[in-house]
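Labels for the chains are A, B and C, by order of writing; each one numbers its residues from 1.
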Amino acid sequence: MAQRYREPVTPPGPSTAAADPLVADLRRALAPDRVRTEDLELALYGRDASGIDAGGRAAVVCLPETTEEVAACVRAARAHGRPFVARGAGTGLAGGAVPVGEPVVIVTTRMTRILEVDPDERVAWVQPGVLNLDLTRHLATWDLHFAPDPSSQQACTIGGNVANNSGGPHCLRDGVTSAHVVALEVVLPDGSVTVLGALDPEPGGYDLRGAFVGSEGCLGIATRVAVRLTPNPPAVRTLLADFASVEDAAATVSAVIAAGIVPAALEMMDARITAAVEDYVGAGYPRDAAAVLLVELDGLPAGVEAHAAEVVRLATAHGARAVRVAADDAERALLWKGRKSAFGAVARILPDYYLHDTVVPRTRLVEVLRRVYQIAERHDLVVVNVFHAGDGNLHPLLLFDRRVPGVMDRVHAAGEEIVAASLEAGGVLSGEHGIGLEKKAYMDRLFGPDDLDAQARLREAFDPDGAANPDKVLPAGARCGDLQRAPEGAWI
Amino acid sequence: MSGRADEREAVPPETAAGAEPAPAPGRAPLAVAPGPLRVDDAELAACVSCGLCLPHCPTWRVTGAELLSPRGRIAAMRAVQWGGAELDGTFVRAMDTCVQCRGCEPACPSGVPFGRLMEGTREALAFGAGRGRGAYQPWWRRLGYEVLGRHRLLLAGSTALAVAQRLRLVPERVDRSLPRLSLRRPRLRRSNVTGEPVWLFTGCVMDAWQRDVHVATIAVLEAAGARVRLPGDPGCCGALHAHAGLRAGAERLARRVIAALPGDDPVLVSSAGCGAALKDYGHLLGTPEAERFARRVLDVHEWLAARADRLPPPVRPLAGPVAVQDPCHLRHVQRAHPSVRAVLAPYATLVELDDEGLCCGAGGTYSALQPDLAAGIRARKLEAIGRTGAAVVASANPGCALHLAAAGVDARHPMTLVAEAAGLPG
Amino acid sequence: MTGTLDGFAAEVGPAEPVTVVGGRTQWSVGGAPAEDVREVRAPAGIVAHEPAELTVRVRAGTTVAELDAALAEHGQMVPLDPPDPERATVGGVLAVGRSGIRRLGRGPVRDCLLEARYVSAEGRVVKAGGPTVKNVSGFDLCRLLVGSLGTLGLLAEVVVRVSPRPAASRWLQAAGADPFALRRRLLGASSILWDGATTWVLLEGHPADVDAESAVVTSVAGGAAAVAEVAGPPPLPAGGRLSARPSALRDLRTGDHAGFVAEVGVGVVHTTAPVPPPPLAGPRELHRRIKAVFDPTGRLNPGRSVVTA
């Protein structure tokens, strides 16, 4: 009905980017208004939600709408010897979409079509720019949803979820993105288009689909994603348990899991964030609790009721002062609103935050939390904790005001110590944000040279020239030595 | 052809019309950073670039362009304000394409007052930053805003336009974004019943183009026990001026509105955009008087929702379902949109749009100044309306209703629908 | 426990072809191993099981039955569900990558591997993934290893995600019940099998939910007379294994492939007659390069390949 809006095209003029022969090639492949070269626009694509500035910027920004256009962008970049970086909504927190140097930035925000929904087979093909929550809303007609629900789900794209193997509160039971992607159409770093995985359960070959999910744009660009759809549960129970100590709350988490209950979600908030959330949204959270647990159980009605009763019993046995069971959907929504407003609440304490994302074994939660508080205190920083306790995924938020001189040094030093404490407890670097630029330098603390070399080999197989999102995930020198080349066909 | 005089109350004479008065003495000082934009440094610093605003921004939804998103616009402001970047055409385009729907504000976890940042930026652009005053708000736009503040001129002009429409003298491109204007405007009469006294703010364009909504509103208010008073000529609320960066004009109009609606009685507004502006007078003028005034302002639905038990009975409820379209300045700015549902519910089966209140693209003068983007934004809204299956759309803002009607939607003001269903004149 | 990781690595060594042996229960998947190749066995034994973590660290040579028995003591289980658990090893099941008939409820085998320590073609112990239930630190080599038939590295020790055993579990046999209607209407079915005439359903969960879902089966089958509780699934034909889109199973007719049992909702069809292996998903050249970077000399499990001719 309405004509499609077209951005004004840079007039031929002083812009150096516009005169680049690469730009001319891209403008032949895409509508000219979807190849952006103005200085201001290029600068905007130099950052994402991580705030990391790698000193790079987009050489040119492309907004393709189809697989063929993405492939054309990649081929043009390669033909001109340029690397390329894929970007969705730019909500990543590890700098995965931040350009290093001057790559071609390929933005998927115009690839927003839900191509096909098969409610019978519970699978949908979507373009990578579809927003996570838009997809779930669209699926409501069929009483289905897309299970991964990262906190940024209103804004983050499915393509971004694929790149980061995103999680969210409800991945405790339902699993992360990898478990919900059955096939991917991708543009490989050489510009060719292929499909990894399949809609049948046992496709032939290596699980390249699995290798691609979570590869942070280093193995290519997903252009169509076949996602697995999950039925909405017939019964849901949401509980809020109020504890006088973090230890009691953590012990309850372990007891629930050990009792054979895997809740749909199991979230913890510490004293400071609970009070802040309550001040912000008034969801009825106890202002004086040392910690609260938000537990959601869903599934078939009898199991849900039995498990809810058991969670209440276990929480009470572990010292909960009160356990509130949401009486209806409105109360349930209000409790979740409190949890999901945590970031808004901290903004009212101090303007800036640095959100960390590490995972530790569930049984070490208390110990690591204690160390997190000590680290923050030592660096004179405010820290609040709101996290996915069920899977041990810590999210310490260091709060600060970046206009205070020297504060960033303290924030980074504290962050490094938090990462170290998590690794010492047998944890990992990231549960759902990824490595990107942020944690690249920490990779050798989790992995030895042989381990990193193996990951670098995977990348080499997909992208021998390192053209796809260079300088991400793996630290420099991850690949040891040169490979002996096998003659083709020797192994088949 | 405004015809017979309405029963409006006398207006105090306007002082120094057209002049640029000095800011009122009580106005809060703005902690303006050294850069060229008239924005608060701390407010500009509050954005943490998380991107949660993006899906709530109509221009980002249509273009996918970071530059045309709230986060991108803030980054552009920062580049200019802090980084010494040029106020070039790209920057102006980023600012000019913002609908100022403020859908980003409720979505923002950090509470960034984006509307204020945008108004301050446009104010700087309009008053000389970058390419000079004339380049940003050319004479013809300024003239248009001036007419809004001169009600008789607007009424006469509207009548002339209505005649021109009938003589097919209006260019097709312009006419597409206009409603079919009526040659006759019904006469407004203040209440002669006893009841709770309230003012009805009549405004400018709405009074000229949609006076039937005022008639219906008065009828519904009276049925709910109000004694409705009408200001003489309150003129324009100044919202469009503030959005365009013409702050002095907005301040002048605000003072006139306050003067036209004296006393302590509630000031009811049936146009969401105007209501949001009136509620912001305290911030705009920064005087205790303006703050007192702002506290008296209510959207007409807010007032009625608090008196739901006194709403007239539905004698002929509306047949089909009615889709509720939330005007941005009711939902995102006044955050009073639930009251529309509370008021309409007895009269119709209400259905919700599934787009979380995304803007329809009307945006005051936006649909005229950015017709392509406005049409692209509206296309999304039309799809959402289509998904509800409703034939009638209730919109509590005249701009939205006109913009949707121009695309063939049967968009009506909730007060009109209530009056019809309650068998009241309207 | 038998053997150590370093001992296994030393046994594999840096050169010469080797074949890793588990329980030989899926020995011919991907082609028969080349003859006269030195055989090695992964170490065995459970290294650590912390019930509250819902994970278990286990050596690859451990039999699935041994692991299952240890987990059962804590009311837990792993989604490794081979036909012959007494012989099949954890490493073998992961390397072959085939899920069991309970995939509908428990998910595919490929999702349960959290961390792998494997011996590379260079004879070194390499770690992929991490021990926590959630982890996005680096590329996901674990997914690549599952189903790789030991052609990229030899699994030595793994951390696998475990889950609680269901409180109640019931197999029903329903003659004539539409399995696709059951798939739509049952939320607690861990398996729906169909041979073209008879449907078998495994219901798992809270006893009351299992009862409620049993009633759904009865209603779909058209009455209690058509439904019987049975001890377990029917015997599966072992002639071939077909992978089809779940919706394609509707086209199967009794007697196709000389008899079949199909996993409804999943798409695996067990057939009496042999069927060709599934076509390759993804470019052949990319598969070749992956094999080449991980095993440049082709010494790991020669004769077996994930790529069909």
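Criterion: a contact is a pair of C-beta atoms (placed from the backbone, for glycine too) under 8 Å apart; a residue touches a chain by one contact, two chains touch by 3 or more.
Since this is a predicted model, take the numbers as computed values, not measurements.
Most remote chain with respect to subunit C, judged by CA-atom centres, is B.
Nearest to the common centre of all protein CA atoms is the CA centroid of chain A.
Mean C-alpha position of subunit A lies 28 Å from that of subunit C. The distance from the centre of subunit B to the centre of subunit C, with each centre set as the mean of the Cα atoms, comes to 61 Å.
Centroids of subunit A and subunit B (each the mean of its C-alpha atoms) stand 38 Å apart. Shown for subunit B are the residues that touch two or more other chains, of which there are none. Those residues of subunit B that touch subunit A in the shared complex are 42, 45-46, 48-55, 60, 62-67, 71-72, 75-76, 79, 85, 88, 90-91, 93-94, 107-111, 354, 372-373, 375-376, 378-379, 382, 407.
On the subunit A side of its complex with subunit C, the touching residues are 118, 120-121, 164-165, 167, 171-172, 175-176, 178-179, 183, 188, 192, 194-211, 213-215, 218-219, 231, 233-234, 254-255, 257-258, 260-262, 299-303, 306, 359-363, 388, 391-393, 426-435, 439, 443, 446-448, 450-455, 457-462, 464, 473-474, 483-486, 488-492. Residue ranges on subunit C touching subunit A, taken from their complex, read 50-54, 74-76, 97-99, 103, 107-108, 110-111, 120, 122, 124-128, 130-144, 146-148, 151-153, 163-165, 167, 180, 184, 187-188, 205-209, 212-213, 241, 243-248, 263, 266-268, 277-283, 286-298, 302, 305-309.
Residues 1-8, 36, 38-41, 43-45, 47-49, 51, 63, 89-91, 107, 109-110, 112, 129, 131, 133-134, 137, 152, 154-156, 341, 343-344, 347-348, 351-353, 402-403 of subunit A are the ones that touch subunit B when the two sit in their complex.
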